[in-house]
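Chains: A, B, C, D and E, in written order; residue numbering restarts at 1 for each.
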Amino acid sequence: LIPATAQAPLTVFAAASMREAMERIGTVFEKETGVEIVFSFAGTGTLARQVEAGAPADVFVSADINWMTYAEDQGAVRPETVHPIASNALVLIGARETLPLELKSAELEKALGGARMAIADTDTVPAGRYGKAALESLGLWQSVATQLAPMENVRIVLASVARGDTPLGLVYQTDAAIEPAVSVLAEFPEGTHPKIEYLAALTTEGDHPDATAFLEFLRQQQARDILRSLGFLTDKMK
Amino acid sequence: MLDVDISGQVGSLDLEAKFASDGGVTSLFGQSGSGKTSLTNMIAGLITPSSGHIRVNDTTLFDAAGGVNLPVQARRIGHVFQDARLFPHLSVKSNLTYARWAGRRPGSRDLDEVVDLLGLGTLLDRKPETLSGGEKQRVAIGRALLSDPRLLIMDEPLANLDQARRNDILPYLDRLCVEVGIPILYVSHSIEEVARLSNTLVILSEGRTPAFGPVADMLARTDLGRATGRHEAGALIEGKVVQVDDVWGLTLVDIGDAVLQIPDMAAKPGDAVRLRIRARDVSLAAIPPRGLSIRNAFDAKIKSISEETGPYAEILCSVGDQLIRARITRASVADLDLFTGKTVTVLIKSVAIDRRQRGPALPLSTDVPV
Amino acid sequence: MLDVDISGQVGSLDLEAKFASDGGVTSLFGQSGSGKTSLTNMIAGLITPSSGHIRVNDTTLFDAAGGVNLPVQARRIGHVFQDARLFPHLSVKSNLTYARWAGRRPGSRDLDEVVDLLGLGTLLDRKPETLSGGEKQRVAIGRALLSDPRLLIMDEPLANLDQARRNDILPYLDRLCVEVGIPILYVSHSIEEVARLSNTLVILSEGRTPAFGPVADMLARTDLGRATGRHEAGALIEGKVVQVDDVWGLTLVDIGDAVLQIPDMAAKPGDAVRLRIRARDVSLAAIPPRGLSIRNAFDAKIKSISEETGPYAEILCSVGDQLIRARITRASVADLDLFTGKTVTVLIKSVAIDRRQRGPALPLSTDVPV
Amino acid sequence: MWPIETTDRARVDFFDLQPAEWQALLLTLRVATAALAVALPLAVLTAYLLARYRFPGHGIVNALVHLPLVLPPVVTGYVLLLTFGRKGPVGEFLDNVFGISFAFNWTGAALAAGVMSFPLMVRPIRLSFEAVNPKLEEAAKSLGAHRLVAFLTVTLPLALPGILGGAILGFAKAMGEFGATITFVSNIPGETRTLALALYTATQTPSGDLAAFRLTLIAAFVAFAALIASEVLARRLRARLGGGHA
Amino acid sequence: MWPIETTDRARVDFFDLQPAEWQALLLTLRVATAALAVALPLAVLTAYLLARYRFPGHGIVNALVHLPLVLPPVVTGYVLLLTFGRKGPVGEFLDNVFGISFAFNWTGAALAAGVMSFPLMVRPIRLSFEAVNPKLEEAAKSLGAHRLVAFLTVTLPLALPGILGGAILGFAKAMGEFGATITFVSNIPGETRTLALALYTATQTPSGDLAAFRLTLIAAFVAFAALIASEVLARRLRARLGGGHA
């Protein structure tokens, strides 16, 4: 159904959390090159398995190093094309106008007041895994582990905190930036968790002539501006 | 007491029924599709008439003007539906006792008695699905009987039953009516049953009730021939038992100007009885004959002769103040030179007389041939 | 030709039936629950017997030994079920014509003819749910008639129908059998219907067939009293029409040693007829009486007298080589001094005689009183 | 279409579907209809077999039918991906032999929807078959109708309310199917991004709330329309079937 | 339990449930049972109303019942969160007045499962009610049974096959419910991580394949058991109901 001509749109499988950024970048790219782009957004794991199964994707944008490694190992992406396009930071959020706090066990306990801390799923969602690592390295894991509410994606964490169902939440800085109903209470220092990197790569099966161009475009200034405007960090990208 | 005057629409049928009866058995008689079931459904409260009223004994079940419309469950009508409508998930026994455990009607009637009457003893644990047609019908009758009704509606309850079983059930219904005083509304196509059982006959024809009244009068009416089935016409005679002959099993009944001998084994002197004598069973003689096996021969006066086309003639004779009808051939009318006013001898075989009993204190009528 | 010899288990009933008939109408007669419906279901192929065989005309429908077991749809049996089993989603018309459009049986019978016979004209577009009990039954009969059957099974088809309608349908069935040659297996509780319609009578009792044979023989047997209903006992007399009296509407029938007068309007001289004479309609006289409206009086010889307890006695008389039964009171037996071997005068009212016609070329018997 | 006052402008915008929404809506209808068209006859067959016959493997068939209900949709989607995907055994076979490919196109979405809605269809249909009095089929046979004809003219029409009921459940499920679809055929606009997937996509960023709300309304509206149509149909059907009680 | 040869060791390990699996299994059963226990009576009531009465709002009730089927489960879960969450209007009320809280505990999972399985229960039950001949209820009333009694003693038992069918669909769905549950009450081990969520969790890690496979087998096994039990029950029921055809 997708004609195998050059007219076929460039298909990008991208982590759902990158949706806004990707769509904006895509619009600019389309305008500049005239190449039509189509995005498929889903969880990184789902996309990785689909790329592995021969999905008609030309570019795979992962929100998680592990899944990109998995895809590399399965021969689904071209290893030489894998490179980071942005990074992110983890923050602790609370309802709007909550006072900032220090990342100490006692303060967290106090802020929680017996309620739960919303976090993306610590096993399945990258944001959750990073969060767990950060809490562990800060020695906070023991005290909050039983008080977590692991959620299916970051959006629900945000909603949950915004509505006050959970007094605290752990999200990416990018998420906190767009949701006006929450405030950032604390930032997790770099190094308390593995590097939060978004990676892009060409798929093995993809044959779109402009795929490489798009991959390049993701690293150029225009794309970086868009990413930064949405709270992503791009400074350390090469 | 039953007082019905209703009208309403059922599908394409425009029903307009008006009749009253003094209790006892009221039979609804009419052709297939004349609206019998629809009428009983209105009385039972399953169809709401558009106007009129329904009264049973002293209770108003429905009165359009007065805004009365008792719900089905408050009418206390034992309804034997034309299609048995047994509860398929319940055993025969649970079906029979449904009114007790679900309707909270303790019921004065004894379960065993009804089970015996209807021959359901071996079926109690069975599911309706496994019953034969007649067995279903009997369970339906039993269920209604055990529901402690103040009116029993029976819609062709004996249609699938053999004669022996009918002969068991009919006297029971009779007794129910007479002794317990429960009025019965009985739908049947069998004029035999109707004549044997009912006090009041209501003719239903295309949704109307062109005639109703005491069954004797109705059966004697010639204008209803089509509805009642002409060859079943006859007369009901009132009489009093004067003697019981145990040797020959005969009962002598005084009907005024004559004494009839009928086969019977359960009467007592003094009992009031009603006898049904069908026109086809009555012969006439110009002169009193002798040496006949026919035991009843008495004089009567010809009141009218209706000769029809075809072979038949109907002769109406009076004996005292009672009427007897005879159906004979036109040829015999000519041969015997019969005319209105002539006195003839009426001949009736004893074995052809049906006996019916009426009146509260009378014993149960037994299984006599119909 | 119908040849049935099967056994099998139906629920708790142990069915073991064996009978044969020469075609025509074969009636199954037995009490409620005796296994009539089960037997018809086996013949129709709805229940598989455990052993035996079933043959209709020259076709073996089932033979346990030979491994033959035709499926229902291959048996070509028109089945009128006891419960009508109409298709609720189809109109009356589609129900009637189902065999044509779904069974691919073009059918030789005319739809209009059957619709007229059964009075279904105004119901054709209706759904079964809106039909009255009798209307459903009629549609079921019509559906079977229109299925071009080689055997018609009718399980109490007229139970909910009024006399007038029965009188329309019975002669039609008769004609179907005689003219078209379709054998009919007829289940009924009405000995009237059975006697009027059938050639062969099969008695069914608790799953067994204690007796079967020509209906005349069976009705004359006194040992079957319980099964056939004693008071309906009678005799079938063979005779030949010798004269038709158009003036009085009478037909003279020679029965060998006597000539009977019967009311009839459709016979021709030379027609062979069968007359049903019920025992209760026969009177006896010691000496030939005169001046009676009773037109049939002839001499007969008493063959046997069975006195029972109770008021009745059954007298078997011979007229030529034919038998007539009379039921009179025991008192009359004594009064008239009747004994075996004595010659008496048999008295039969003309209006009490039922006429049945047999033989291929005969005109349709008409609506005579039963 | 009709003259609109300028003050109503925002409202009008809100109710005018955007191209992407139209696309998702039409795709959803196409996917759900295709799923229904293929799965319903199979469901009727399966339901009839389960209702009327005891055969070896009865239990297994029954269990397999229900499996997509018990497993999280993601798992079903994953199994579909492994089986019908471009590199899956069945997918490869179908592609080579018939040129049919379910991989990452709308037919795959229809397949996922069909599989997921299958148990929802089979159960009510089976119940309806079980409720049809088998004596009616006997009557049909006694009138000469062969087995299949008796089924088609009697049992099937009498089971229609149940089939309709199953079809509705199935259609509704097919419209809303998400987990198996996104896992099996991904979330490609115009190809596999049905309303449900579009809705998910919208919820993935805070700025998508309004879009999500709109999409929810659209989905609900379509579902309402389908339901009302089905109710009307069911009522007519019941009238035609005479309540099914002769 | 019985002596095991050492060569079977691996196999035994594979078939021995790990504590986390046990936990998920028991939790799933608890959640599904609770969902069924609460939702089934409601479904029966709703189905009866929809089947037997035409009331204003009939269409709305009908549509609302089906809504969770049409919307992606995530949306339903989100709506539940907004409504029954700790700060949601209903959630707050229930918490303050009755001390019942659905937020992030297994009762919330049961609520989500109940809501999601509701349409699957209502439809077959409704069909069953519609298939019961209303004349039987009339007969019951004519024998003095009041409306409710007639319903309980006649219509309800005759609709039991459908209720059982609906219960099975509902139970299976409740067991497999994933999207609404994870959204509403998140994925807390021992509290809300049912088999379906555990399974999802396993599929979302690159190395989780074996765990996912094991969990699939467990879920399938439980579903098989439930189905077989239900089939046996249904057969007995049909025998007791005499096929429902008197």
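The definition used in the following text is that a contact is a pair of C-beta atoms (placed from the backbone, for glycine too) under 8 Å apart; a residue touches a chain by one contact, two chains touch by 3 or more.
Quantities reported herein were computed from a predicted structural model and do not represent experimental measurements.
K.L.:
Once the contact rule is applied, which chains count as partners of both subunit B and subunit C?
P.N.:
A chain counts here if it touches both subunit B and subunit C, and no chain qualifies.
K.L.:
Chain by chain, through touching neighbours only, how many steps does the shortest route from subunit B to subunit D take?
P.N.:
2
K.L.:
Common contacts of subunit A and subunit D?
P.N.:
E
K.L.:
Farthest chain from subunit C, going by mean C-alpha coordinates, please.
P.N.:
Farthest by centroid: A.
K.L.:
Out of every possible chain pairing, which has the most C-beta contacts?
P.N.:
The chain pair sharing the largest number of C-beta contacts is B-C.
K.L.:
Calculate how many whole Å lie between the centre of subunit A and the centre of subunit C, each centre taken as the average of the chain's C-alpha atoms.
P.N.:
Distance between chain centres, rounded to whole Å: 91 Å.
K.L.:
As a quick test, compute the distance in whole Å between the mean CA positions of subunit B and subunit E.
P.N.:
Centres of subunit B and subunit E (C-alpha means) sit 58 Å apart.
K.L.:
Starting from the mean Cα coordinates of subunit D and subunit E, work out the distance between those two points in Å.
P.N.:
Chain centres of subunit D and subunit E, defined by C-alpha means, are spaced 20 Å apart.
K.L.:
Could you tell me which residues belong to subunit C and also touch two or more other chains?
P.N.:
If we look for residues of subunit C contacting two or more partner chains, we find 83, 130.
K.L.:
Listing for subunit E: what residues touch at least two other chains?
P.N.:
74, 78, 135, 179, 200, 203, 243-245
K.L.:
When you check subunit A against every other chain, which residues touch at least two of them?
P.N.:
none
K.L.:
What are the touching chain pairs in this one?
P.N.:
Applying the touch criterion to every chain pair yields A-D, A-E, B-C, B-E, C-D, D-E.
K.L.:
Going by the contact rule set out above, which residues of subunit C touch subunit B in the complex?
P.N.:
Residues in contact with subunit B: 11, 30-33, 36-38, 82-83, 130, 132-135, 137-138, 155-156, 159-165, 189, 191, 226, 229-232, 245, 248-250, 261, 263-265, 280-281, 283-287, 289-295, 309-312, 326-336, 347, 349-352, 369-370.
K.L.:
Write out the stretch or stretches of subunit E touching subunit D in their complex.
P.N.:
59, 62-63, 66-67, 69-75, 78, 119-120, 123-124, 126-128, 130-131, 133-135, 161-162, 165-166, 168-169, 172-173, 175-176, 178-179, 196-197, 199-200, 203, 212, 216, 219-220, 222-224, 227-228, 231, 238, 243-245
K.L.:
What does subunit E use to touch subunit A in their complex?
P.N.:
74, 78, 81-82, 85-88, 103-104, 179, 182-183, 186-188, 200-201, 203-206
K.L.:
Within their complex, state which residues of subunit D touch subunit C.
P.N.:
135-136, 138-147, 149-150, 153-154, 157-158, 240-246
K.L.:
Any idea which subunit B residues touch subunit E in the complex?
P.N.:
So the residues of subunit B in touch with subunit E come to 44-46, 71-73, 75-79, 81, 83-89, 98-99, 102-105, 127-130, 136, 143-144, 147-148.
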